[in-house]
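Chain lettering (A, B, C, D, E and F) follows the sequence in which the chains are written, and residue indices restart at 1 in each chain.
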Amino acid sequence: MTQAPFKTAIVRKEHFNAAHRLHNPQWDDTQNAKVFGKCNNPNYHGHNYDLEVKVIGFCDPQTGYVMDAKVLSDLIKKEVLYPFDHKNLNIEVPEFQGLNPTAENIARVIYEKLRPSIHPEMDLKIKLYETPRNFVEFPYE
Amino acid sequence: MTQAPFKTAIVRKEHFNAAHRLHNPQWDDTQNAKVFGKCNNPNYHGHNYDLEVKVIGFCDPQTGYVMDAKVLSDLIKKEVLYPFDHKNLNIEVPEFQGLNPTAENIARVIYEKLRPSIHPEMDLKIKLYETPRNFVEFPYE
Amino acid sequence: MTQAPFKTAIVRKEHFNAAHRLHNPQWDDTQNAKVFGKCNNPNYHGHNYDLEVKVIGFCDPQTGYVMDAKVLSDLIKKEVLYPFDHKNLNIEVPEFQGLNPTAENIARVIYEKLRPSIHPEMDLKIKLYETPRNFVEFPYE
Amino acid sequence: MTQAPFKTAIVRKEHFNAAHRLHNPQWDDTQNAKVFGKCNNPNYHGHNYDLEVKVIGFCDPQTGYVMDAKVLSDLIKKEVLYPFDHKNLNIEVPEFQGLNPTAENIARVIYEKLRPSIHPEMDLKIKLYETPRNFVEFPYE
Amino acid sequence: MTQAPFKTAIVRKEHFNAAHRLHNPQWDDTQNAKVFGKCNNPNYHGHNYDLEVKVIGFCDPQTGYVMDAKVLSDLIKKEVLYPFDHKNLNIEVPEFQGLNPTAENIARVIYEKLRPSIHPEMDLKIKLYETPRNFVEFPYE
Amino acid sequence: MTQAPFKTAIVRKEHFNAAHRLHNPQWDDTQNAKVFGKCNNPNYHGHNYDLEVKVIGFCDPQTGYVMDAKVLSDLIKKEVLYPFDHKNLNIEVPEFQGLNPTAENIARVIYEKLRPSIHPEMDLKIKLYETPRNFVEFPYE
């Protein structure tokens, strides 16, 4: 079978548990409470984040792989799970010093951490579940 | 962190339970039975519909949100869950007077009910599960 | 390996879609509306019912089976899926003439329909999901 | 149909998001870190807790209900979701002042909060998912 | 309601169980073991494959369907489930004689088997779960 | 809080992928084909097995644990995942030399491998999904 004329996407799911609060330090407490509601709780709350990382490219005819799923899983563990899992995102994760840890921003940070390690001719997309009923996708073209 | 060059999607899942039958009043009973099979049962049958509403836009740097998920959830409750949940779609929901309540048409009706309340620069997409093994997406570009 | 000193349970999952309404004909409309709320809608609503049938017995050393899962699946299709799927339970299913089709009563009816076809030395248990967040188990000893 | 000779269980699923840390104040930091590992993080981490509340009793022949699922859902909202959701269990929930918020202890606290509001002739069981792969059940007889 | 200006997608989920091993016959055993790891086991291992088949087109105003989901389900059964289910992909499925049965290649083979039976003005997309945490999509444009 | 008068169960979910065939060597091919159908395929087929291991005991007031979930997870990895994952159960796993690898027998073998490592005052129960719609529980008392 010759190389397919179409690209293929592979997806790896991982998960991590973390605490966060939503807060804009440029606003006063009233404004923060109004915009972020109970998510602004100063004592933090938390989530089981489910993460799907999608890599898009042509399938290698030698291996039948777009990318080895184990290599992708190890990369996610190193760049995302090790620094985020069982952590307080606001206090302990440098990328959220000054950046509100909404699902949208967490997905973008994960994208930026993984992008340099993915082959430049391949595309990368992040899907992040904050709860089973709320999730985000980045980038969405 | 400056505004991202890419858009982000946020998704909110909701669900409702309803009765329906599939039927084209311009056809006779034989034709309806042939095309719609057991879904044409004149006494109705029903489903737990799972609904995913996706809104696509740029993330607001002040809030870290594309759109507040609670605002989106409240909008879905008002426009979809309140008028559809525990209802007979054929008899009690005005949009299906003269429109066959297939999953495809229900998704399109939900789109048209929500579209005016979503910011015009944002895109809207609907995913509707009729059963865990059958679902539709509208619009699909 | 000799016969195990303990019993084993096998479970088969199936599903069906049906319409129903909750109603006690011995009560007036006000009482029915008060007790059953939107589930009392006279035009019916519906559900995707997920059904788990559990059979408990000793494992046969010749086959390694408690009971052949295909035989169990075929029995559920004959006794439950064929008469219930895409039906209006109140109107079209004889067992609910005079019996309110709550999840509790549907589970009991399913038990009574299957019990005669299960080996008398084996136990039978029914789990019925009316929605992903509401389910019942019968019998519960 | 006369009263069934067997009991029926009904189950209602709810969920809440909270932060916690595992810590025994009678131990020093070394002992806490050894026993609780990354769950001992002093800055907290968090979970989406999925909760199943099971009530076991005889089905009422008048209603076809063991207990109205909406009444059960409202009770869980009042006793568990309102005081626990988007909270830091260690700091903000009085029952965990001096009690380590492991899944086992959270399940027991939920049982003790709900038990007085359930009919004394009915049994109550709690199932609590801390993650999709770790859960507890209390009481287990 | 006139024809929608947008396309709709319908999706049908099916599943099959099969054995496979990953192996490139042009490589020696050392190279195969290095690239494919435990997936290269010469005695095979297996998976429950979950398959989602998406068909994209305009909704027919007469039926309210893009395509009858039962027709799509029957097509998948004929072209995929019957030849793949409970089979050893390497030994018994002709398409994998000389083609490594990675998830990427299985998805492409399924696409090529179904494509001739789907209306030429409709698009077709395949999503294949090898495990709940690894899946692929083909074609991905 | 004093020791609870009731036991608590903790459950850990894990999964593995394996190939198998169902076959009784004391029977001829006709009898095997008749009893085991397509599961008797001599070239094997396979599954993603989902495993739930439940340990039942009193909660330790010092830790708030019945048993550390990480210790339980490590034990399952050592006794079950390492010897079973990506293996052919009939050929490569000694416990199935002469024992038909039905779900019932696999669950019993897992129980017997784990039982000696669980505290003797605690109970152990195994739940094994062969597919999302077929599972077994052992022991079932």
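Keep this in mind: contacts are C-beta pairs under 8 Å (C-beta built on N, C-alpha and C of every residue); 3 or more make two chains touch, one makes a residue touch a chain.
Values in this document were obtained by computation on a predicted structure and should not be read as measured data.
Q: Going only between touching chains, how few steps reach chain D from chain A?
A: When the steps are counted carefully, the minimum from chain A to chain D is 1.
Q: Which chains does chain C share as contact partners with chain E?
A: Chains that touch both chain C and chain E, as defined above, are B, F.
Q: Keeping to the contact definition above, tell me which chains border both chain C and chain F.
A: D
Q: Copies chain C, chain D: same or different interface, half of numbers shared as the threshold?
A: different
Q: Once chain B is fitted to chain C on CA atoms, what angle does the rotation have, in steps of 5 degrees?
A: Between chain B and chain C, the superposition angle is 180 degrees.
Q: Have a look at C-D, B-C or C-F and name the one that copies the A-D interface, over half of its contact pairs being the same.
A: B-C
Q: So what's the Cα centroid distance for chain D and chain F, whole Å?
A: Each chain reduced to its C-alpha mean, chain D and chain F end up 27 Å apart.
Q: If you average the CA atoms of chain D and of chain E, how many Å lie between those two points?
A: Roughly 41 Å, centre to centre.
Q: Can you list the residues of chain F that touch 2 or more other chains?
A: In chain F, residues 132 touch at least two other chains, as defined above.
Q: Which pairs of chains touch one another in this structure?
A: A-B, A-D, A-E, B-C, B-E, C-D, C-F, D-F, E-F
Q: Applying the document's contact rule, which stretches of chain C touch chain D when the two form their complex?
A: Going by the criterion above, the answer is residues 22, 24, 26, 35-37, 98-105, 107-108, 132-141.
Q: Provide the residue numbers of chain C that touch chain B in the complex, in ascending order.
A: Result: residues 15, 17-20, 38-39, 41, 43-48, 85-88, 91-92, 131-132 of chain C touch chain B.
Q: Enumerate the contact residues on chain E facing chain B in the complex.
A: Those residues of chain E that touch chain B are 1, 4, 6-14, 54, 56, 59, 62-66, 68-70.
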